[in-house]
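What follows is subunit A paired twice: with subunit B in the first complex and subunit C in the second.
Our next item is the complex of A and B:
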């Protein structure tokens, strides 16, 4: 039972990341009709917002390391620690939560520049051309990050009080084996809140109502004198923020490197296709579903029957769902269909 | 037309004399054409082998390391060591281990009077990319030797290319038994220790520290090195009386290991053995600690984690999670022998921090190859190989060492280390628990099978 619950938690955790990326991807596809292969790069850029803030907070002065005697070695003491002592150390410790605030304006700006500067020129082009140009953009962004930060993963740590594990078993009266890292629980809660916020924004605000109307019938909304293009541009920016925040919060789980976006991109497209192109609910549902399936496929009992299933389960499920429901779980008729 | 009767075609005195004259003339022509050595002096084989530096004032090496991928940290440090080795070979800097290596044929003026030049490549920690990069170095850049490592899969792949193309490959960091076992090659040489030796070194320490009644769970990188290490450590621990609860293969570069770690919690195991290296090891260890494994008590014992192959770079990446964890390593910068001190001083002065074990093995391999060329008096690979085979040396950081002729494996001391709980400096991350003598980690060259193949290709 413990193993079962742990794998569900693992799946929800992973699914949270898939769902957040797929949500942004679907928002862009649903509003602008663009198949954005640079979306994984937005996740990566979000993660590197956290890295950048950490680097800013730990800007250091070099002090000679007296413990090394046979060559000149220097250790780095952050200015914040020099100037503010323990307060400085605490600020550095909270760099990941602070990155949430830091990344929002940056990701919004990146999203707006990306849409206005490049993507808008490809609205009327074919999906194949959109894929080519956005994939090219992803590679360019990836190489820029590699040139600036190197190829190695850069570890990020959560605040001290969130580094251990929560003994869920003791709380639920189920023994000591049901433990789960605090930060992963925080990530899960954060993903849930962010997804809810996006849905609330689209469902309960006037802006969201207009956007949804535009997604249904763009021409009629424009005939009513509403500048739907501007709203869709903002939606692109919001999708970039959602994906970027997913990246920021994932850094303590997986140290980011320049390739992290590509690792998630392919899976996220599978999630979007399984959920149904253009369906926000489908993207979220498929994200969690595939995350959980991937976790269960990694269980020893499953792998002993089907060795290697953990590596292919997502694609296998995608094939089956597309055979049974060609439009995905919640796909609409007419989306990406000739 | 009728055939001559068989009896007419047998050897006569006349035909015998004609044949002998022909053979003599042919041999003379060959000699005059220069296709065989006329005089047995240095570089007499000059025209016969691939990438012969000939009359060039330089000789070129290829350094093929992972600059991206899960082992990029090691790759970066390997490259630093190669550059330092080239500097020392060319008579620049303080000479490093050239001051301590015994016996030494090098004179500090390059190799056989030629300055050393080099090209670099990125293996991406992928066999196909590594082979492509090595092929480019051999065919386009004309290297006489290439070196590099950090993945046994890559080392084995490029080692077989070295044999096919007749260019010596000096392995960097590769730990699989197969590299000098079933996949050994005449043109491949390994200074680094192997998984069997890790097990042999760790066994007695594990017994002393954890006893003989333990239940072990393995998480293993799913490629040749992981399988090899799992098998060796499993044999060792089962020899101690430990039970193996499960062995689970994980994909290289998995990133998130949570789905592989959570089953450990309920498995009844009280030891987790992480057969991971580089970025994978940093991630899996960090996540195992995050899941509270080190705070657990199972079967009335403290839960322990063992990392059979350790490096200071990994310890750096894993931060505090590494403290108190046992493992083995080829070399550590805190060793106090003259060779280690000379190398650490040179490297530290050059880069501002001490070298890793990956850097050490690559530096030593470059000097050993260069020294073998000097000993052989030629760059002709079969002669260089013969100079390396059975070569006994000292002063390179691991005590007296033998480059075993039968499998091209160095036999030397191995270190058992522990993540330092109270480091004296930012670099003092591993504490040497024991320097295990080479007699304890020696093994038969036939243990893992394999054939070296021919000298001439």
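Our next item is the complex of A and C:
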């Protein structure tokens, strides 16, 4: 029972990442009708926002190490620590949560520039061409990151009080076997909050209402005198922010390197297709579902019956879903059925 | 209005193509590409792209999983070397057969959907093969190390005729001719020419016409009572076999097969080759494969020292800045160039290099006409010709 629950939890936090990325992807697809293969790159850029903020905060100066008296010894002390003492150390410790604030304007800007600069010109082109140009963009972004940060993963640490594991079993009164890292719980909560925020924004604001109307019938909305293009551009920016934040928060779980985006891209596309192209709820549901399925498939008991199933489960599910339910779990009629 | 291709034109095309491929060692030498390893790559990836174009160019189905067939072809070829014989003929035959079967299986399932769903399905299958090759199928694929030849391999056919046991790993051969260096290139080149001819015949055949019709309007084809799936499946299997053959040839020239050949970025590369050259054209994919492999080779060999050598004539500060900027694009940064090239081509020249040529040609012709005819009636009537 414990291990069963643990697998569900494991799946949920991975699923949270899938759901967030797939949500962004679906937002872009549902509004602009563009198949964005550079979406994984946005995830990666978010992760590297966290990395660069951490580097920025820990910019160091060499000072003489007073504790060593035998010879001239120097140690690196971050400026922040030198200027603000204890407060500076605390700021550095909280670099990952701080990067959330840091990355929002950056990701928004990246999203807007991407849409206005490139994607805008591809609305009328075929899906194949959209795939290709964004694929090229993804390669370019990835290589730029590689040139700036090197090819090795850069580990990030969460604030100290979130580093350990939570003894969930003790809380729920089910023995001590159910321990779970704090940060993953935080990630799960964060994903839940972000997803609710997006849905609330779309459902309870006028802006969101217009966007939803535009997704249903773009022409009519335009005929009503609403500049739907500008709103869709902002939605693209929002999608970039959501995906970027997913990346920021994921850094303590998986040290980011330059191809983290490509790794997630394929999976997130599979998630979107399973959920149903253009369905936001479908994307979120499929994200969590596939995350959980994947973590169950990597249990030893399952692997001994079906060797290798953990490697292919997601793709296998995608294939089956596509063949049985062509529109995915919650796909709308008439979306991408050419 | 496109020109109707005539039999004579096709013959001419074939002759020019054959000549160009066979004399490649001569004319590629001044570009620094006149050595067999690179020429082999040109021919092999050319074949891969020609095959891919039969699917993507004719039917418009964008497969993102063709690298899987390349990998299957490679593995089969290496197994044929290990078990049967170092002769390349069985390797090629078995490689094409297995990749064809594999393509039949994947195609049968994937082709039930079209558009982006098809792309995702092929991608899913390719990723499955890649992941399995790395994990569970290790007894067959030898996992991360890659499948290699060994002295103690069975080589049933070879050993039947051999008088003594081999003391070293024998080289791949075609009835005694070792398949490395120029003989290897000519073997690949011969297969490329045959492959190109078959692709030409397919394009001109009724099958080709149906495939092109499917590309332009599949619904209408269905309404007229034509079941399109057998045709698309045929195209898929043929193009899978081309990919398998290319994989075999990779193993022939260098008997080692690794799973990274099946990764989806490898599938992306062949898409890029086809796009760069010109989708749906005959020569385009070969051209695109050549260009990419050439620049990959040239660019990745550059490093900062070479760049300093090139810009040495400039004053030092300018030199350093230029080297810093161009340094990003060469050496390890070759992929950056590739990505940028990819975007530029898709944005500005969706028809690829071939379309560039066609535009240039019609522009020059219009210019010449203008100069010669002054204000003749034909002026301005010359239409841009679309790539066939």
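Convention: the second predicted complex is superposed on the first by the 325 of 338 C-alpha atoms of A that agree within 3 Å, B and C clash if a C-alpha of one lies under 4 Å from a C-alpha of the other, contacts with A are read in each partner's own complex, and residues count from 1 in each chain.
Following the convention adopted for this analysis, contacts are C-beta pairs under 8 Å (C-beta built on N, C-alpha and C of every residue); 3 or more make two chains touch, one makes a residue touch a chain.
The model shown is predicted, which means the values in this text are computed figures rather than measured ones.
S.K.: Is A:273 touching the first partner subunit B, the second partner subunit C, both, or neither of them?
M.R.: A:273: touches subunit C, not subunit B.
S.K.: Considering only the touch criterion stated at the top, classify A:33 as touching first (subunit B), second (subunit C), both, or neither.
M.R.: Neither partner.
S.K.: After superposition on the shared chain, which partner residues are touched by A:311: those of subunit B (first), subunit C (second), both, or neither?
M.R.: Once the two structures are laid over each other on A, A:311 reaches both partners.
S.K.: Quick one: is A:208 in contact with subunit B, with subunit C, with both, or with neither? Answer first, second, both or neither.
M.R.: In the superposition, A:208 touches no partner, neither subunit B nor subunit C.
S.K.: Of the two partner chains, subunit B (first) and subunit C (second), which one does A:164 touch, if any: first, second, both, or neither?
M.R.: In the superposition, A:164 touches subunit B alone.
S.K.: In the overlay, answer first, second, both or neither for which of subunit B and subunit C A:192 touches.
M.R.: A:192 sits against neither subunit B nor subunit C.
S.K.: Output check: A:97 vs subunit B and subunit C. Expected answer is one of first, second, both, neither. What do you get?
M.R.: It touches nothing on subunit B or subunit C.
S.K.: Taking the superposition as given, does A:137 touch the first partner, subunit B, the second, subunit C, both, or neither?
M.R.: In the superposed model, A:137 contacts subunit C only, not subunit B.
S.K.: Could you tell me which stretches of subunit A are touched by subunit B in one complex and by subunit C in the other?
M.R.: 146, 311
S.K.: Touching residues of subunit C toward subunit A in the complex: what are they?
M.R.: For this pair, the touching residues of subunit C are 60, 62, 109, 112-117, 119-121, 123-125, 127-128, 131-132, 134-137, 264-265, 268, 271-272, 275, 328, 332-333, 335-336, 338-343, 346-347, 350.
S.K.: For a test of understanding, state which residues of subunit B touch subunit A in their complex under the given definition.
M.R.: 67-69, 72-73, 76, 246, 248, 251, 255-256, 258-260, 262-263, 265-266, 279, 282-283, 286-287, 290-292, 295-296, 317, 319, 341, 344-345, 348-349, 352-353, 424-428
S.K.: Could you list, by residue number, the parts of subunit A that touch subunit C in their complex?
M.R.: Subunit A reaches subunit C through residues 35, 118, 121, 125, 127-129, 131-133, 135-140, 142-144, 146-147, 262, 266, 269-270, 273, 277, 307-308, 311-312, 315-316, 318-319, 322-323, 326, 336-338.
S.K.: Mind listing the subunit A positions that touch subunit B in their complex?
M.R.: Where subunit A meets subunit B, its residues are 2-3, 6-7, 10, 13-14, 65, 67-68, 70-75, 146, 151-153, 155, 157, 163-165, 167, 176-181, 183-184, 253-255, 259-260, 263, 294-295, 298-300, 303, 310-311.
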